[in-house]
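Shared between the two complexes below is chain A, which has chain B as its partner in the first and chain C in the second.
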Partner chain A sequence: MRAYTPKDDVQKKPYYTDRYWVAPQVAKSDVSEDAVFAHDLEAIKAKFEVLDAYIQVKQMVVVINAADNFGVIELMKNELEYNQLSELSAIDWLATEGKFEIFYQMLSMSKRKRIRVKCKIDEKESIQSLSSLFRSADWSEREMYDMFGVVVNNHPFMKRILMPDDWEGFPLRKIYPLQGDEFAQWYEVDKIFGKEAREIIGPENRDPARVDRYDTERFSRLGHEVPRGTDISQGEPDTPLCYQENEGVFLIQKFDAEKSVVISDRDR
Partner chain B sequence: MAQHQVNYLKDGGLPVALTTIDKVVNWGRSNSLWALTYGLACCGIEMMASGASRYDFDRFGTIFRASPRQAELMVVAGTLTKKHAEFIRRLYDQMTEPKWVISMGSCANTGGMFNTYATVQGVDRVIPVDLYLPGCAPRPETLQYAVLLLQQKIRRESASRAQKPKRLM
Partner chain C sequence: MQQSNRLRPFFENITFDRDDNELILNFGPQHPSAHGQLRLMLHLQQEQITKAHPDIGYLHRGMEKMAENMIYNEFMPTTDRMDYIASSSNNYGFALAVEELIGLDVPRRAKVIRMMLLETNRLMSHLFWLATTALDIGAMTVFLFAFREREYLMDLIEDYCGARLTHAAIRIGGVPLDLPDNFIADLRKFLDKLPENIKDYEDLLDTNRIWLMRMENVGVISKEMAQSWGCSGVMLRASGVEWDIRKEEPYELYDEVEFNVPVSDKGDNYARYKLYMAEMRESAKILYQVIDMYAGTGPELMAHAPQYISAPKIDIMTQNYSLMQHFVLVTQGMRPPVGEVYVATESPKGELGFYINSQGGAYPYRLKLRAPSFWHTGILTDLLPGHYIPDVVSIIGTTNIVFGEVDR
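== the complex of A and B ==
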């Protein structure tokens, strides 16, 4: 595999900033407002360190240390009846804090409550796998690794899940350009034809509005077809459309409206 | 000596039709285009509809085959991702000459709305294309029109030319 070269940090230099824009915040309220959540939080606090806890949109958010993630989720599953891990992923805060935020969204069917467990890790740090607790964590953690490059310890099959195995870079990181870095833009050419073919095939056309009416290498105008590669900047001859019934193809005739019968009696 | 002078060049003289080998071969080729089932995304649904009974591709001699070795037409129907690019090339290489490719829909033509890192910006970066079919998704009638245009293209080609494989580069 080729060496990974860091890309320019596009997140740090946005092309436009509105000085007066303030990011809207969802209102937070205290955990003591909800008896069920307050009890759950006490149970977690008894065994683990809780950095922050609040209620947001009727869901409790608990911020913990990254090293405790397995213990907290195990406690919630076995003792607090949170029996479903509905979602798990990472958020890229590398530009502002140099950290990834990992979140686990838990659902309790019996209590009808949701809790979001959050923790933060450094870019090169790895995190404990939950796949022995919840099967749903298996693919989610692979996706997290594929998209963000967060390595998960004790995972049974730590491999990319969506991108090809030989892909370089992690597409959901903020510094990853939307239209791909150099490796991504030449991926299929390099892989199928080899690097030598780059010059022949040429770069990708990323402009969807580009029309080259004189390009006879790749396009021909309907009704004005010319041999491939002809120079048509001085105009091109008409080649009228010709259908196979006009060409006298065996067994095929032109439809004659005179000879056709219109069925007016629908019940026939 | 024959009692009647037979004018072979006029039809009705005898049940004889005069033509060239090229025309006969091309007539056969163009009217039995067997297509590879190659639905990659939503356009694949329209391709399936074209093959089913309402639009009925069979009447043009186009029958979908599930093996590239039995197919001579590849209808690339849908979004080609970079991960899949090597496989489309492999399947194309497995088809026997002569072979044709219809690129169906914006995604296959240019990458379409997927102007991202994961989509090949046009299948013509990977395989040579004979006919580009615009639309998102093109209706089954449009695909049928494309196949009819391709038939015309085949009939205009010389069948007896030394089989020059098409090359992208």
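== the complex of A and C ==
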């Protein structure tokens, strides 16, 4: 019987896991321990529902409803002095709970604090764009769409940014294999030579570590080894190697290691 | 006038629309001044740009995806390929993020060596920036001068780790090697001469008429625009925001060294140029102080955390349990605790952030690379309209974007 491999997460797995291993947690502390964060959280809580809030590794994490994302960030920008949106992206939790987690990494330069706002959406759900608040969200949201297929509403230019426009599939999803799917295998062949050349050229090898032991033409002779010294030229004459210097090219002289000086001291 | 005996020129990258006089020009991805693989689609009225549309992704290698399929230590050399002009700063950003996740304490000597690497990398990056930008604008001499100085720094780094561009010189939990014997003497020699060199560049450029015409009042970024686009580093400080992560959220030993953060409120190309020059002087200042710190440190180079970090080689070779742990760490990788972390460091280009979501496994569940150049490229959409074609080259130059970082 073939071993079961889950199809919803094809990323690399460790070959050995200890059944009794319980992973430790990164410490979470209460928001009340930091006065600035506590004040900010109160201000957010006054207007929006906060599902969870804690401090982890010196930054506050606030979990909100996905529908409130624009409102919360707007409040943080206008009233709480969080003046930069450093980063925004998604995490794929489709395999376990069928959701994407979106995080917004906010920075307040006046308070020297960073807050991470997080929310979850379903696979087919879309989320409100923040590009009217922060221009930096414009490109980040495009990248999020490109990599995860999370559609963003009210975005001025919702197009792929890193992958080609006509790409199929979303590379950072857990169901997407590291070496690319079947579409990726044929993409360049189809683009450059046309679909009709598929049979002649074959799929692109997208695994840089692959060695084909029956490929005797292109690279290796694995599986076709011959005793040392055997003639493998198959009657083809040798191409002599000749270098320019030996031919006596005008103005070009042979490098003389005896006469050259190696500069090791920077003051020279 | 067309001559009948000549081939008719055909420009496949130019579309000319007769009706509204709009010209669409493809700038790149093979343009030498586009610093790598930037393609800009420029809408022109005569020579003036009405709309700019940067197209990126020509160097996309899917590093975030690769990170999800690698153990933590395996990913370290991959980070070199982000900002390949100053790769130790990427190594450091990643190492620091994992250390914060685990809660590791790095020995002091490792910290000192890391500071040296970070600041030499900053100097290398700024010298490279100066050289290429000056070359784009036509100052060949400055290019040769700056590359000469950069060469000495690369030799220094080569003495330390054996590589010139892709250093991988920092490990999670410390550094792999102690400084070679001649390192500090050579570094000091370089630093002693650096002010002279910087003065040479400034003599050539500061009051140079061509340089001023291409730089002054060109590419002015307002404070609001820089904030809104998530700019960081020199791009932000040239627009009048005093924000340097080394000062504001000090990591490593930056709270123990004295240095200034140069700021300008002009926001134009010339302000950014002046800040790069001033930052080189500050880096030299930091390096002098760090050199003095080195002597008073103990011999440890890696943190002691047997669960995550391999024991020193001598223990591995003599003690069975250390050998077993080393074997497990190499073959299976460390398993940081469940949690997430976002750590920002000040790389030569700006705020370099690593977001790591760990589910307690040997592979990160999600790793997001926050590369400053990504937004410094994005800002071109709003910055370029109104400028002329030659300005594009100088503006791209002063944004100091590196495409390994933009596309990741």
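Just so we're on the same page, the second predicted complex is superposed on the first by the 185 of 268 C-alpha atoms of A that agree within 3 Å, B and C clash if a C-alpha of one lies under 4 Å from a C-alpha of the other, contacts with A are read in each partner's own complex, and residues count from 1 in each chain.
Convention: a residue touches a chain if its C-beta (ideal position, glycine included) is under 8 Å from a C-beta of that chain, and two chains touch if they have at least 3 such contacts.
This structure is a prediction, so every number in the text was calculated from the model and none was measured.
When the two structures are aligned on the shared chain, A:139 is found in touch with chain C, with no touch to chain B. Residue contacts after overlaying the shared chain place A:163 against chain B and chain C alike.
When the two complexes are overlaid on their common chain A, residue A:187 makes contact with chain B while staying clear of chain C. In the superposition on chain A, A:172 makes contact with chain C only, not with chain B. By the touch criterion defined above, A:206 lies against chain B but remains apart from chain C after alignment on the C-alpha atoms of chain A. Judged by the touch definition given at the top, the superposed model places A:128 against neither chain B nor chain C. Contact with neither chain B nor chain C is seen for A:65 once the two complexes are overlaid on the shared chain.
Touched residues of chain A, counted separately for chain B and chain C, are more numerous for C. On chain A, the surface touched by chain B in one complex and the surface touched by chain C in the other have residues 163-164, 171, 176, 178 in common. Those residues of chain C whose C-beta lies close enough to touch chain A in the complex are 56-57, 60, 62, 64-66, 68-70, 100-101, 103, 152, 186, 189-190, 193, 225, 227-230, 241, 243, 248-249, 332-333, 335, 337-344, 351, 353, 355, 357-363, 365-366, 368, 370, 374-375, 378-379, 381-382, 407.
Contacts from chain B toward chain A in the complex involve residues 17, 27, 82-83, 85-86, 89, 110-112, 115-118, 120-122, 124-126, 132, 148, 151-152, 155, 168-169. Within the complex formed with chain C, the chain A residues making contact are 11-16, 21, 23-28, 56-57, 59, 61, 83-87, 89, 91-92, 103, 105, 107, 109, 112, 114, 116, 134-136, 138-139, 143, 147, 160-164, 171-172, 176, 178, 266-267. On the chain A side of its complex with chain B, the touching residues are 163-164, 171, 176-181, 184-185, 187-189, 191-193, 197, 200-201, 204-206, 208, 218-219, 242-244, 247, 249-250.
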